[in-house]
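A, B, C, D and E label the chains in the order they appear, each numbered from 1.
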Amino acid sequence: MVSTLTFPKGGVHPPESKGLTEQLPIQVMPLPAELHLILGQHIGAPCTPTVAKKAAVGEGDLVADVSKGLGVPLHAPAAGSIKAIATAAHPIRVTTPSITLAVDREAQPRQWTADQWQQLTAQELLQKVHDAGIVGIGGAGFPTHVKLKPPADTPVDTLLLNGAECEPYITADHRSMVEKAEEIVEGAKILLKILGIKTCVVGIENNKPDAIAAMTAAVRAAGGDDSDISVVTLQVKYPQGSEKQLIQAITGRKVPAMALPSAVGVVVHNVSTTRAVYEAVALGKPLIEKVVTISGRGIVKPANLLVKIGTKVSDIVEYCGGISDEVAKVVLGGPMMGFAVSTLDIPVTKTTSAVLFLTKEEIDTTPLSSCIRCGWCLDACPMGLEPKEIGLYVEANRPENTEQFGVFECFECGSCAYVCPAKRPLVQFVRLAKMKAKRS
Amino acid sequence: MKNFLTIIFRLTASCLVAGLIMGTTFVLTNKAKKANEHAREQKVVFALLGYSGGQEIPESMGMHELYRYVVTDGEGQSIGYLLPVGEHGQDGGFSFVRIGLDGSFLNQTSVPVSEENVRDQGERDKAIQAALGGDKTIRFTDQTIVVTDHGQRTAYLLSGKFPGFKTNIAIILALDPEYSVIGLEVMEHEEDPGLGAEIEQDYFKNQFKYKPFEKIKSIEVAKKPMPDEYFAALEGNVDEAAADDIMQQYRDQDIYALTGATISSVAVSSGVKGMTRKFAYRLDLLDNVLEQQQIAVPF
Amino acid sequence: MSNDKTSLQLVTNGILKENPIFKLALSMCPAVGISTTVMNGIMLGLAVLFVQVFSSVTISLIKDFIHPRIRIPTYTLTIATWVTVIDLTLAAFFPVAYAKMGIFVKIIVAFAIITMRLEMFACKETVSDSFWDGIGMGMGFLLGMVTIGFVRELLGSGAIMGYDVLGFKPLLFFILPSAGFFVVGLMMGFFNWIETRYAQRKRGNA
Amino acid sequence: MWNVSVSPHVRSPESVGKIMWTVVACLVPPLVLSIFVFGIQVLLITAVSVISCMAVEAICQKALNKPVTVSDGSAALTGMLMAFVIPPGVSFLIPVLGAVMAIFIGKHLLGGIGYNFFNPALLGRAFLLATFPVAMTSAWLPPLTDGAIFSYLASGVDAVSTATPLAVMKEQGMAAFREAFGTPSEVYGSFFLGWRPGCIGETSGLLLVLGGLYLMYRRYITWHIPVSVLGTIALLTWMFGGETLFTGDPLLAVLTGGALLGAFFMATDYVTSPTTRTAQLIFGAGIGALTVLIRIKGGYPEGVCYAILLMNPLSPVLDGWFKPKRFAPPAGGEK
Amino acid sequence: MKRLIRLILCAALPVFFGLTGAGQAAGLVAATEFGADNEIIVQFNTPVDPAEATDTQSYTVYEETDPDIRLTVSEVSLSTDGRQATLSFAEPLNTSVAHVVTLHDVGGVAETSFSVSKSYLGYLFSILISALLINNFVFTKYLGLCVFFGTSKRKQTAKGMGVVFTIVIVVAVSMSWVLFQYVLKPFNLDYLQIVIFIGLTSLTVQAVDTVLRKVNPILFKSFGVYLVLVIANCVIIAVPLLMASNEYNYFETFMLSLGAGGGFLLALYLMSSVSERLELARVPASFKGLPIAFIVAGQFAMAFLGFSGLQLF
C-alpha cells in the first residue's frame, strides 16, 4: 500500500512500537469497584453535579451538567451510588473536583436500543450529540457539538475522519476501525447529515492495512445513499494526526494560524469520536466508556481495553497483570504528546487514549546540553517554526521576545524535542514562552 | 539679532586666536621639521656608505644631488636634470640640462635657487618652471645623490619606490661607480610582520651587497633555504674577514627568497634590478652629454 | 555645580575610577591600533595628555566668553588647535616616532573623551581643577596605553621599551593590530573580574 | 518514583556526542593515510592538538563552574580539524597554542559550545598563521615514497620542506606546477588518492569525500553546503582561473588545497553555519566565491579557511534573512 | 531607509557610466589592454598587414614615467583575422603604471601613439573595495571604534548609524576635497588640515540636521540621534587626511569616502547581527558587555586578515 499522501513540511518518524497491541482485539474490562468522574474532563467549563451524595444512579444517567459556557454533560458509566463529591487526583491539575461512584457490580448492564436516526433533523441530531456528552476523543477533548456547528461565514464542504493515529504505541483507533468499521461509517453518515454535506474522507496511515481494508469494505457495504465516503491511505509520519497536518495531507488546504479548520471548509473528527456519535445517536448511549491502549514494555499484559470512564489506572494495572520493576515512566496518552504521571491513583477520562508503562530503555533521560544550532528542529517542525531560537530566548530569560518566532502557532507535537541531539526540552521551553508571552 | 552678532563675533575671535596659535607653531616648527627630515635621510645615507656610529665623515667628501624631471612641451617629451654646476667647493648654482629621449643634448638653463630651497620640491619646481618659461610642463620623477671624495666619484645613492606585496616599498640604494651594489636600506613599507616585513632585516637586504652590476642586471630570486654560514655573515655574526670571504663566495648567486614571502622578495629584487639598470643607462647618457657640452660639474 | 575634590582625587579619578580606556571605553582606536609598543603608548599618551590639559585649561579660562549656542563648535576648534600644535611639534622633533603613529595623532581631534571632559567638567569648574582633571584623564589614558603596550610588546616582540628582554619573539601575533582587540578585551574582562572579587571580599569582611 | 518530565517521552537515539565522535571517526581514515604519506609525526601533532583542545576545554569549564562536557567530542573534533589544517612539519608547540585560541577565546569566552560565531578550529589556524607565518606557510613535507614513516621524525623535518601545489601555481605559475607535479590530468589521480604535499588533513580527496558521504548517509549533514561550496569553486575557477576566461581547471581547484576538507567538514559545522536550506546554499556559494577570490587575487595560495571564517559571522544574518517557511501565517499577516 | 540606499546608488551609478565612456579614440587602434605578465594586446579596427604588424621595429613602448627608456619588444604575434596583435616583452611589465605604445607604419598610418593602462574604472573600483573590505576602517585600520561599539548592539541602530555616517562622510569629504585642492594646497596651508576637515564635518552634520528636521521630520526622528555621534567617529577625520596624503582626484575621493562609509556600515551590520545572538549567550560575567564585544571584534579582524594582499585590478 504505497501512498505519497502526507503533509510536506517537517515531521518525524519515531519508532512505531505498535506491535505490542496491534493484533490484540478489544477486550471489555470488568467493572471496577469504584469510578472517579472528573468534572472537568476536557477543554471548557467544568460540570456541576446534578446528583446528591448517596443518590443511586443507573448506567448512563446524567450525573453532572454544564451550567454555563462551553461544555458537555457527564453521565454515570455504570449503575451504583454516589459515594462522594469531592476532590480527587488529576493527571495534570494535581487535584480536581470529582464524583466518586461506588459501582453496583451486580446490576445488569443496560440494554441500549437502536433508534431510527434518519428521521431526525440535523438540529435534533446535534442536540443528541451534545446530550451524550461527546468530546473529541483523540485530542484535547473539544466538545464535538461545537465543532459540528461551523460559523455561518465559513461554509464547510468536507468532513475528514482522522484515522491516522500517528502517535507510537497507541492502537485504540486502529482496533476500533478493524472491529467496528460499520459503526464508524454509520457515524460518519450522521455527521454528514448534521453538517448538511456529502463528502467524507477517512485518512488512515499505511501501517494499518487491516484497518484500511475493513474501513474500505464497510464504506462499500454502506453505499447506496447519496453520501460520498472514501478511504485514503497516508504515509506514516508524525504528527499526521494533527488537524492542520491531516487537512493539508488530504486536501492540500492550509489552515491559517489562529483559525479553525472550517476556515478552509473542513471539519475533522476522530474515528473513535465518530463511533461515539453513532452510539449516541443510533443507540442513545452517552459517552461512558472508551477503548484505551495499555502498552509499553513495563506492563505484563498489554491490551486494547474497553474501559468505563473514571476507571482508575491502578485497577487497569491490576487487570493487566501488574507492572514490572523496570517501569521508569507512566504516560497518559501517546509518548509524543501525552503527560507523565507520578501515581496510578488517577482515573481514565474521556480523552485518555492510552496508558503507557515505559521502561528505561524506551525513554531517554540524557540531561540537556547547549544548543548546537544543528537545525534539526527546524526540519522537524511541521509548522515551520524555529524551536531552537525559542529555546535560546527562553534560556536567556527573555521569553517575552519569542512571539516573533510564532510561538503561539506551536501545538506542542514534540517533533523538535524528539530529534534534538542536545536533548533540549523544547516543548517545555515553548510552554514557558507561551505563558510568559501571554502574561506580558 | 544681538545674540547672533555676539555669536559671530566670539566665533571669529576664537578662530583668529586659534589660527594665530597654529600659525605660530607652524612657523616655529617648519624649519626644524625639514632639518630633521634631512638629517634622518643623511644618517641613512652615511650608514650606507659605511660611516655609521661615531665615525667622522671626511671633509673631502661631497654630496651632489641630481634631480630628474620629465619635460613636456609642444614637440614632445624630454628629460631634464637639475644639477649643481661649477667646481667642487665653490657654489656655482644650479643648471637644468635637457636631454632628448634619444640621448642628444637639447639645452641648458641656469636655475637660480639656493642650496636650502633646492631640497624642497615646491620651491625647486617653482624655480625651474620660472627658468624654463611657461610653455613647458615639468614633472619631478626621482633624485640621485652622487658622492665624491676629492672630486672622484665614490658612490651613487638612488631613492626609489616600487609596488611590494601590499603597498609601495621605498628604498635607498647605494651603488659604486661601477654600479655594483654597496648597500640597500628600506625606508618605508607595509608588508606583513614576520613575512614580507623581513625585507628590512640584514639577512635579506645585505644579500644585495657586493653584487656586481652584471649580476644585478639579471638577478633572480631563488626559492631554497639559505645556507647557515651565509646567514651568519649577512647578520654580521662572524668576524669581518670571514664575513667578507663568505660574501664574496655568494656574490654571483641569486637572492635567497624570504620564507613565505616570495612576492615581497621578488618585488625588492626586481625593484633593485630596475633601478640599477635604468640609472646606469641614464647616467651614461648624462655623462656623455656633460662631456660633449663641457659642462663643468662638481662630480 | 562645584566640586570639593582635591587635586589628587581628580587625578586618581582619571586614572582609576574613570579610566578613559578600561572604564569609560572611550578613545579605543589607538588603544587597539598602535599600542604595539610601550614607546608608542607613551608618545600618543603624552600627546593626548597635552591636548587634554591645554584644552581643559583653555575652555575653563574662556568659559564665560563661550556663547552657549556654539559651545560644541568652540570645543572642537579648541581641540583641533591643540592637536595641530602637538602634531606639528611631533612631526618636527620626533620624526621617527611620528611616522610610526601614522594618523593617530591627528585623529585625537575626534576622541570623544576630550570633548566629554570639556563638556562635563572644564566648562563648569575652575582653571586649576580643570587642569588637574585634564592631568588625571590624560594620565589615565597614558597609563592604559602603556599597560596594553607593555603586554603586547613583551609578548609580541619579547622586548620592553625597545630593549630585548626575552631574547626571542614569543608570539608575533601580539604585534599584529588584530591582537589589540583581544588584549583590550581580555584586560577589560580581567579588571572587571578583579573588581568583582574585590567587591565580594569587601562585602564578605563587612 | 517515576520520571515525570515533559513530553515527548521518547527521544531519537542521536546525541551531540554521537554526532561529534562520528565526525571524528570519519576523519580517522584521512589521518591514517596522512601518516603513511608524511610520517608518524603527523599522528603526534594530531594527538597533541586533540589532547590540548580537550584539556583547554576541561580547564575552561572547570574555571567557569560549568559541567565538564569534554566527552561530547566537540573539543576533540576541533582539535582534529585544527591539526588537519596545519602543515605536517611544524613543531608540537604550535597546536597547543592554537588550542588556547580556538577553545578559550574562540569558544568559551563567548559562552561555550553553540555560542561561538567562528569555527574554533579555523580561528585557531588563523591565529597560528599570524603568529608563526613562516612555519605555517613553509613546513610542508614531500610525500614519503618508501613508506618509512619514522624517517622525518628521526632526521628532522627542516631540510626537506617543499611547496604545496597551490602555492607553486600561485607564485611560480602553471609551468612550474607542471614541472613539479605533472600535467593536471596526471595529477588528478595522485591528488585524489593523497600523494601530494599539503596540510595533514587535505591529503586524500577520496577519503574525505567518502567520510562526507557517510555523514550525509547518516543525515548529519545535508548536501547543500558541500555542493554549493565545491560547485561555486569549480564554476568560478573554470571562469576566471585560467589565463583567459573559461579556461580554468575546475577539477584541480576542487582537489587541491583544503577545498574538500572545508566543504565537507568545516563549512558544515552546525554552530557556525546557517540552518535553513536557502541560507545554506548562499552560505556555501559565498565560501566558494571568496575561496576563488582569495586564491586568484588574494595574498594566500589557499583560500578555503579564510573564506569560511569570513562567511561564518554571516550565518546569523542569513538565518535572519531566510527564515523557514511558516506553515501558514495568521490571516491578515503578523500583527 | 531603503529610499536612502537607493539614492546613494543612483548617485554612484552615473559616475561609473560617465567614466566608462572615456575609452580609446577612434582610428586604427580599437582597444588595448595588458595580457599576461609580459604582454600587451592591441586590437585593430581593420585587419592589418601581418608583415608590418609582426615586425618588432614597428613598435616603441615605454613606461609613461620613463619616456627615455624603451622596452624591448621580443615578439609580436598577430591573430589569424589580423585584428589583434600580442606584443611580448622580455621582462614582465609593471602594470601599475601606464605604458605608452607608438606604432610606426602599420595599417597605413605613419605614427600613432596610445597609452595602455589598467582600467581606470577598475582602479576606482579597487579603491572602493579596498576601503570597504581589504582595508576596512573598523576591522583592519582600527578606527571609529567608540561609535562602532556604541551602536552595534541592535540591528536597527546599526543600520541607522551606518547610513547616516555614509551620507555625512561622502558630503563632508567631498567638501574637504574642494577646499583642500583649491585653498589649502595652493596657499601652503596644509597645517590647517585638521581644523578645516573637522570643521567641515561639523558643518555637514549641522546642515544635514537642519535640512532633515525641516524636510523629513520622520526620518529625522529615526536618524537624528546618530548625527551627534558621527562627529565623534575617527573615520570621519581619517578619510580626508588619507585623501590629502594620497592626493586623490575627486572620483577617487568619492570612492574612498563611499567605501569608508560602506565599510563602516558593513562592520556595524555584521557586528550587530552577531551581538543580538551574543546577548543570549552564556558569557562569563566579567566579560559581559564591552570586553566580549572587543573579543568578537578581534575575531572579525582575524577573519578579515583573509582579505590581506588582495589585489583586484
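Note that in this section a residue touches a chain if its C-beta (ideal position, glycine included) is under 8 Å from a C-beta of that chain, and two chains touch if they have at least 3 such contacts.
This one's a predicted model, so the numbers in the text were calculated from it and none came from an experiment.
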item	value
Set of chains whose contacts include both chain E and chain D	A, B, C
Pair with more cross-chain C-beta pairs in contact, given B-E and C-D	B-E
Innermost chain by mean C-alpha position	D
Of all other chains, the one whose Cα centre sits farthest from chain C	A
Chain centre separation in whole Å, for chain B relative to chain A (CA means)	92
Between chain A and chain C, centroid-to-centroid distance (C-alpha), Å	70
Centre-to-centre distance between chain C and chain B (centres being mean Cα positions), rounded to whole Å	38
Centroid distance [mean C-alpha coordinates] between chain E and chain C, Å	33
Numbers and ranges of chain C residues touching at least 2 other chains	73, 77, 80-81, 84, 88, 172, 176, 178, 182, 189
Residue list for chain E, restricted to those that touch at least two other chains	191-192, 195, 280-282, 284, 287, 292, 295, 298, 302, 304-305, 308-309
Interface hub residues of chain D, defined as touching at least two other chains	105, 109, 111-112, 115, 127, 130, 132-133, 299
Pairs of chains found to touch, sorted by chain label	A-D, A-E, B-C, B-D, B-E, C-D, C-E, D-E
Of chain C, residues touching chain E in the complex	25-29, 32-33, 72-73, 76-77, 80-81, 83-84, 87-88, 103, 106-107, 109-112, 115, 177-182, 184-186, 188-190, 192-193, 196
Residue ranges of chain B in contact with chain C within the complex	3, 6-7, 10-11, 14-15, 18, 21-22, 25-26, 29-30, 32-33, 36-37, 40, 193-194
Interface residues, chain D side, partner chain E - complex	64, 105-106, 108-112, 115, 117-118, 123, 126-127, 129-130, 243, 290, 293-294, 297-300, 303, 305-307, 309-310, 312-314, 316-317, 320
Residues on chain D engaged by chain A in the complex (per definition of touch)	1-12, 14-16, 18-19, 69, 72, 74, 111-115, 270-271, 274-276, 323-331
Chain D to chain C touching residues, read off their complex	97, 105, 109, 127, 130-133
